Amino acid sequence: MSEAIQYFQFVLAPQMLIGLVLGVAVILVALGLTIIFGLLDVINMSHGEFYALGAFIAFALSSVGLPFWLLLILVPLVMLPVGYLVERGLIQRVFHSGDRHVRTLLLTFGLGLLLEDAFRLVFGPNPHRPETPITGGVEAFGIFVPSYRLFLIVVGAAIIAAVAFVVYRTRLGAMVRAAAFDRDMAASLGVPVQHVYAGAFAFGVALAGLAGVLLAPIYSIFPTMGRDFILMAFTVVIVGGMGSIAGAVVAGLLLTQIQAIVSLYISPVWSDPIVFGIMVVMLMVRPQGLFGRLGHG
Amino acid sequence: MTAPILEIRDLSVNFGGLRAVDQVSFSIARNRITTVIGPNGAGKSTLFNLISGAIRPRDGQVLIEGVDCTGQPPYRMQAAGLARSFQITNLFFELTVAENLRLAAQILEPVSMAWRPVRSSRVAQRRVDDLLERFGLSGKAQYTAGELSHGEQRRLEVAVALACEPKVLLLDEPTQGMSHSDTRDTAELIRSLAADVTVLLIEHDIGLVMSLSDHVVVMYQGQKLAEGSPADVRANPAVQTAYFGHA
Amino acid sequence: MVDALTRSMRASHVLVAILVAASLAVAAFGVATNDTFYLRLATEALIFAGLALSVDILLGYTGLLSLGQALYFGLGAYLSALVLMVIPSFWAAFAATAVVAALAGLIGGFIVNRVRGVYFALITFGMAQVAAKIVYNTRALGASDGLIGVPVININLGIASVSSASPAGFFLFVLALIVILYALSAYLLDTPFGRLLIALRANEARIPFLGYRTMTPRLVAYVLAAMVAALSGALYPMLRGFVSPELFFFATSGNAVITVVTGGAGTLVGALYGSVLLTVLKSVIGSYTEHHLIVIGLLFMGAVIFLPKGLMGSVRPLIERMLAREPKQ
Amino acid sequence: MTQKRTAILAALLSATALSGAYAADPIKIGVVTPLSGTYAGIGQQVKWGLELATKEVNAAGGIMGRQVELTFEDEEANPSVAVQKADKLFQVGKVDFLTGTVNSGSTLAVGQVAERAGKLIATTVSFADSITADKCSPNVFRVNARAGQQSSALAVWLSKEKPKAQVFYLGPDYEMGRSTVAAFKSSAEKVGANSTGEVFAPLDSKDYTQYFGQLRAAKPQVLYTSVAGNDTVRLFTQLQEFGLLNNLTVVGASGTVTAQNLGAIGKAAEGFVTGVGYSAEIDTPENKKFVAAFKAANKSDPDLYGADSYGLIYAYKAAVEKAKATDTDKVRAAFKDLKWMTPQGEKTLRGGDHQAVQTMYVVKVTGGKFTIVGQVKGEDAIGPDTCTRF
């Protein structure tokens, strides 16, 4: 009996706790993706590179002496105009064509290639790592958790709550949801649809950038880092329901827990295929995802 | 006495709590023009969706030539001899007028022709030429459907439904949005169709209904309110209040 | 009487004929200069053109974006490699690939065809990812290293035999095969069945009311595309003598989509020109700068924005006009 | 018509050039290496090492009076691309020799291309034992130390410093990773260590903390890992975060911690021990000269990849000068049991399996730098020749 408790305490519980941190990280990346999909109907293949861009901007700014805490605010602010310009300058150029899905997907795919190579050109191929802003850890019931990871869970939860609040409880969010539900109807009601679209894209991109700043101290920074979370983030968005914030949160937590358990009991090697398999099955039986789409239902 | 070409019995469907179509029964006779009328929201289009297999009824039956086809998907309904047009133009807009018709007519070819080049599909081609002629679209055959005027698109919509040589043709507001002269031409066309096909129509233009129909079914709030010849229906007091009173 | 779609297809045939003529010239020049690299590069371009062709059958005709066509390409490549290492016969490898690809396509088709549009893109992507991971983790398949040592084979064509190691011979053989795959696809798309696929792309909702199930043509198109991809993949180990899990990766699927979009979706011939263009471009740019991804990314974005119909989509109407001017039969 | 004739003429000329060779013609060495993607950092070291040696050799009069010319192609760490580029360099670039491949899949596939083209290649990076063992090729050489050599050296250190240690293994799930873990496991068990568990994480894992539960439960004294590049940065950062470094000795493959990622790992790398074929700290005049020149040229320390790539040019020079030709057969014969000088001392290319034999070093990270804490003679670390193909 005591062995079982020990096993839970030293193996299972920490594993699940770690899964939680990973879950929050994935959700942070998936949030922007799901908002962009839910509203613009655009699959942003360069989302991972925007996550990397946030991390690199933070790295560049911290090397001139700016503190981490300032960067948490500064980087998303820098990312906003970047996202806005990308939406107006690139996405809108193909947005109104018949096969919007395909062409925006391809366009952002090209943008991703370009950005990744640009990172290597500017910052070199080798990894960088910012110092962890909070060191040390907390120990409770024999489970050790680094303070920065606790901080991540708290800040992550706060960001998720803030995003949900903005989307579901504010006038701005109402406009966004209206535009997502029916573009023409929203336009006729006086919603500045063009700006809402560009703004939402910028918001999604800024969220990705913020995730980059937050996660860099534990996951480090290098040119191909954008590929890291993107598959998992896509899976979370699909399983949760494209455009659904609640869906992203639930699916993000669920899938990372499944991964944690799979890598413990089967093999870490199969944790990715199993999660992708869940995505495929989900698409087969319930393509709208666990929670359906933003603005719908 | 042979079975009526189309018979519906106690057809019902619910949308949420709403009884969109409620126990509607009627049958229509061969080579006649029957029109369903009723105010907006009376359940006319839903009735068409039920008959054509677009949605499954909750209760009731649809019989085509006495054969129970209830709840069959649209392609089975088509095989049973039923074709329909749509209230909102539903064409292959990127394809040419001729190709729209050919696609609808290719089912006339024997199955073996499915794997031969389309230019050898003589039967379908003859049907296309015939329809182009009849619907006055010969000059526009190589235009894409998207390039046509609204009136032409509405005519093509009917032609596409007719292309597979159905026994029963369901036309959902064929003259919707047409100019006055176009409407008159289309009415002429529909009348001429009745020679070889049974037509079930939804129409708003009361003048047109009265002059065109052999039989009229009046719907109101999901139920059948009355049916009969145009004159009978017009004289029916319940119809007067429910429908013409509002008109 | 030739209708617009048949005329477009004929214009594609003309463009393929031009490509074949150019290929023959290249082959002759290659033989004259004793070249092997460019002939093999061209052969590789044709093999990937086959993959792009399968993407175009789905994207350009049926309107389904597959982001996981590498699944079948890799399947064909591995299967062919495994067969060749046991029985060094082209026909054995080819037949095995055709049969297995048809079955895999059927199973895959039942899975992916439950969804439409963007979900189709994502489910194909997910399936290919799972397959890639499985191959990557399976030691019997060489895991991450892949399989080397696929033997050079002699392809018995009855009257003659071609060695897969002969640059010009194998190039011409692959050219013939890819042109046959093209011709078969083009033929199919010009039959009533093929037109149904085009109609499916234009307005899927109307199809059932014309008397057809939508599932059947979608499934057939998917199986057809799977077979074209797998048979193209089967040629890869014959050319290069090895297979690696990278053939299953998203980069392979993504490249095929890039090829089709720059070449011109819905033209079939665009897949062939696109592949030649992209392969040459990558090979050349890669030698000048290590930052070739920036160049490729920019070119690709430019193509998506400024050349929405792709290269062949812009060129083909000119040929169509020439064909239309010819006296009618 | 004239053009065609010129082309044929050119082809004839180049054919004679291959056999006869004008003294003035440069010797061409092709480099197929990842310059983009995950392994771009390694490719950069390979490039720097080769360029530095080539510059020196050319300044000293070249090889047999012929200048050396390098041609680089990016292989994107994808064997399909590597094979295509290798073919290009052999057939169009007419290179005499080829090197640069990093992941074992690329090395094996390019080796096969070389066999079919009748050319020679060498890897300066790939660790996987199979390349000079069960998958050896008469046309493939390896001038860097393979996993088995690194492991033997590390095992000797382990048996001395941590006798009968409890060891846990954490490797990336691909051939190089598995092969290095297997090699060290067998070496370590031979010297009395106990294996308490192993886990293979997918390549490019984000978070290694999910394996820490198993790691803790196994209660090891020593953690052996063969992750590399960016993955190491994450693993070490996370080990430090969770306070696991305090009572755990971390040892690993020679590619685990290198000059490229040492800076990013920072303090977490402190105390890491590995068996390696090269260290910038090797205290010989040859190495000091090399390190100084490397730093001057690239503003960065050389790591094992840079040094082994640098050494390769001198191996090739020695072989060609011994063979007095660049022909494949003659150079292959000259490579057999060739001894040549490198920054890390003398190396020998074993004739039986084309594997370089060299003194192996055990290095430890102290104060953010590698210090040598032991060395093992080449013969003791090399292990048996298991290649049966030639």
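Every chain is named by a letter (A, B, C and D) in the order it is written, and numbering of its residues begins at 1.
Keep this in mind: a contact is a pair of C-beta atoms (placed from the backbone, for glycine too) under 8 Å apart; a residue touches a chain by one contact, two chains touch by 3 or more.
What you are looking at is a predicted structure, and each value in this text was computed from that prediction instead of being measured.
Chains that touch both chain C and chain D are the following: A. At the far end from chain A, in terms of centres built from Cα atoms, lies B. Each chain gets one centre point, the mean of its Cα atoms, and the points for chain A and chain C are 34 Å apart. Look at where the CA atoms of chain B average out and do the same for chain D: the two points lie 76 Å apart. Centroids of chain B and chain C (each the mean of its C-alpha atoms) stand 43 Å apart. Centroids built from CA atoms put chain B at 50 Å from chain A. Contact of a single residue of chain B with at least two other chains is seen at no position. Within chain D, contacts with two or more other chains are made by residues 36, 173.
Chain A has residues 117, 120, 269, 272 in contact with two or more other chains. Here the touching chains pair up as A-C, A-D, B-C, C-D.
Note for the complex: chain D touches chain C at residues 4, 7-8, 11, 35-36, 72-74, 78-80, 83-85, 87-88, 90-92, 103-105, 108-109, 111-113, 116, 128, 130, 135, 173-175, 178, 203. Residue ranges on chain C touching chain B, taken from their complex, read 1-6, 187-188, 190-193, 195-196, 198-199, 202-203, 205-206, 208-213.
Residue ranges on chain B touching chain C, taken from their complex, read 52-54, 73-75, 78-79, 83-84, 90-96, 98-99, 102-104, 106-107, 109, 113-119, 121, 124-125, 142, 160-161, 164. Of all the residues in chain C, the ones that touch chain A in their complex are 59, 63, 65, 111, 114-115, 117-119, 121-123, 126-127, 129-130, 133-134, 137, 254, 257-258, 261, 291-294, 296-298, 300-301, 304-305, 308.
Residues of chain A touching chain D in their complex: 7, 10-12, 14-15, 18-19, 21-22, 25, 117, 120, 124-129, 131-132, 137, 144, 146, 148-149, 217-220, 222-225, 227-229, 259-260, 263-264, 267-269, 271-272.
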